[in-house]
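Here is the structure we will look at, set down as structure tokens.
Chain lettering (A, B, C and D) follows the sequence in which the chains are written, and residue indices restart at 1 in each chain.
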């Protein structure tokens, strides 16, 4: 457990130091959402209607694109080799890295969501609900993206490959995330069922993601 | 002195290694006992690095058996080994001390054990607070070696350990290796020239094929 | 002579140490007087008392733009004259300019709520300021990504110049985009001619903001010079260990 | 006391938030200054010098044979 915590804290520290990727995801998210009105026009009613969808799409892309280098940096400087030689099972090591990534990338993104909601003319109280759906859904995105990040390292390719591999897998999260957010804001469907499914998806990927990612990393051994 | 480690034996039997569809070596036998050192030699591409990575568990073997007897039966060979490869696994934005502390904790140093002596052993103690980004290649290498001192593991797998080291640091490394063997540890090193080991056994790769 | 003196970071540091207290004092005085005049300013016949927000919003916008102007000049200094202090000036200006732009956005949003009934309207002026803010965030991200000033300085200078060239284009595009979707007429920001009873306090506040900008900028430049000194000392430390 | 009309909250919030941003900025700059000074002092106490100082010292030595 000390090894797990040490890795978690190291990754968070790395993300927050100069050159780290913390806040970069939130920044991307902010810019991405702020660009929406330029494409669809500044009609506030329209923005209210598509607001939750835009926020979810932005969060989806931000959390996946930021995952690109999750294992690549450790692979390039030899750290990944040593991470595999610890007594900590690789599955747990991978999970520690994912949790650190979620805390430094996804959490800031959720924190600024209410501000972005104002710009998309979504009521402040409703924004709380959207942030809640993101809080419940982004772990699923991170842990599914984890698999893509591991595959990308195993294949020695980065960049868009990750998104291409993983985006289709995140469709259920997107469906239930936006459904829950919309239910909270405009109704009339109840908020509970889609939100429960969203939580279930997160929990399932919390378990599945580390195993698949560790398997991918082991396959890529060379 | 960890005399209990003297009974250790690391052995490979009929090992084969394949990389990218090419057979690097096959039918390889070796064994090292506590206190011994094995130097792996051979031309470029003979599979020296591959053998070390294979022992470390970082490369899947294409055949044969590999095992360590007399040690911790629960742990794999990799978990009882230190691997010093071409890459230093040093994060530039962390300080020298933070880098070592992380690997010491992660690789299983006893809780609360100070890293000072290990930094002292590679002569980096006064740079402990310096971000590792400022280190030269040789200093990074030394920081990497400090890991072997900070966490006690019976097997040291060293891939060209003297590269980037000046002669003073090479001497220091030789001293560390001597101590490690004296306390019952084993060393498997890949090298082109002498790296300061006393009476090493030699394993020559690339002659049987 | 004076210019050559300033080129030396050590001389610049002594200058900052000497000037900073005076600058800070002047800033405080002008702010106090400005706020006094703001308190005495009459309400706008259309906006009512909310016009008081303009005394923050408008200087914020000006200083936000001026911040990028400082960065542009610094960028030229870096690329053309290779002045040692130019990159320091540019780097120090980025977070300050971003903060003033942020003030402009926040106060604009708080002004919009009573005027437009919502915190945010994609009004042409406000949107342009938002884009400027996004550019600032990009600049901060650039400085955040590369610690080595040798590597980041030219990249930042190029980004600053590209931004400076682009800002008018962005402004034009946003205006055009906005007229395309012109919503029902509402109170436009700062649209009406300004009466002197409002203009004078506004100018005083603008002066106060400008003084604040330069006070902070000088202090931040001093920090940056010290940071680089630490960097070179650490390099020496590693070399002679 | 001047009257701020029906939207006093927004006006006060504007001034408060602006003050907050400015104070945060000042706080950051002051803290950064203290931190750099501390590290510099620490390095100087360890006898580390900068290249320019070293150059000056050498020159001084050279000038006075």
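For this structure, a couple of remarks:
We take it that a contact is a pair of C-beta atoms (placed from the backbone, for glycine too) under 8 Å apart; a residue touches a chain by one contact, two chains touch by 3 or more.
This is a predicted model, so every value here is computed, not measured.
Upon removal of chain C from consideration, the remaining chains are partitioned by touching into the following groups: A, B | D.
The chain pair with the larger count of C-beta pairs in contact, out of A-C and C-D, is C-D. A comparison of C-alpha centroids places A closest to the centre of the full protein. Note on chain placement: the centre of chain A and the centre of chain C lie 33 Å apart, centres being C-alpha means.
Chain A and chain D have Cα centroids separated by 36 Å. Work out the mean CA point of chain B and of chain D, and you get 46 Å between them. Between the Cα centres of chain C and chain D there is a gap of 17 Å. Chain contacts: chain C has residues 147, 234, 237 touching two or more partner chains.
Among the residues of chain B, those touching two or more other chains are numbered 93, 126.
Residue positions 46 of chain D each touch two or more of the other chains. According to the touch criterion at the top of this document, the contacting chain pairs are A-B, A-C, B-C, C-D.
Chain B makes touch with chain A in their complex at residues 19-20, 53, 56-60, 75, 78-79, 81-83, 85-94, 98, 102-103, 105-108, 111, 147.
Residues 109, 118-122, 127, 130, 134, 137, 141, 144-147, 174, 177-178, 180-181, 183 of chain C are the ones touching chain A in the complex.
Against chain C, the residues of chain B that register as touching in their complex are 93, 123-124, 126-127, 130-131, 133-136, 139.
Of all the residues in chain A, the ones that touch chain B in their complex are 2-3, 6-7, 10, 13-14, 17-20, 76-79, 81-88, 221-222. Looking at the complex, you find that chain C touches chain B at residues 147, 234-235, 237-239, 241.
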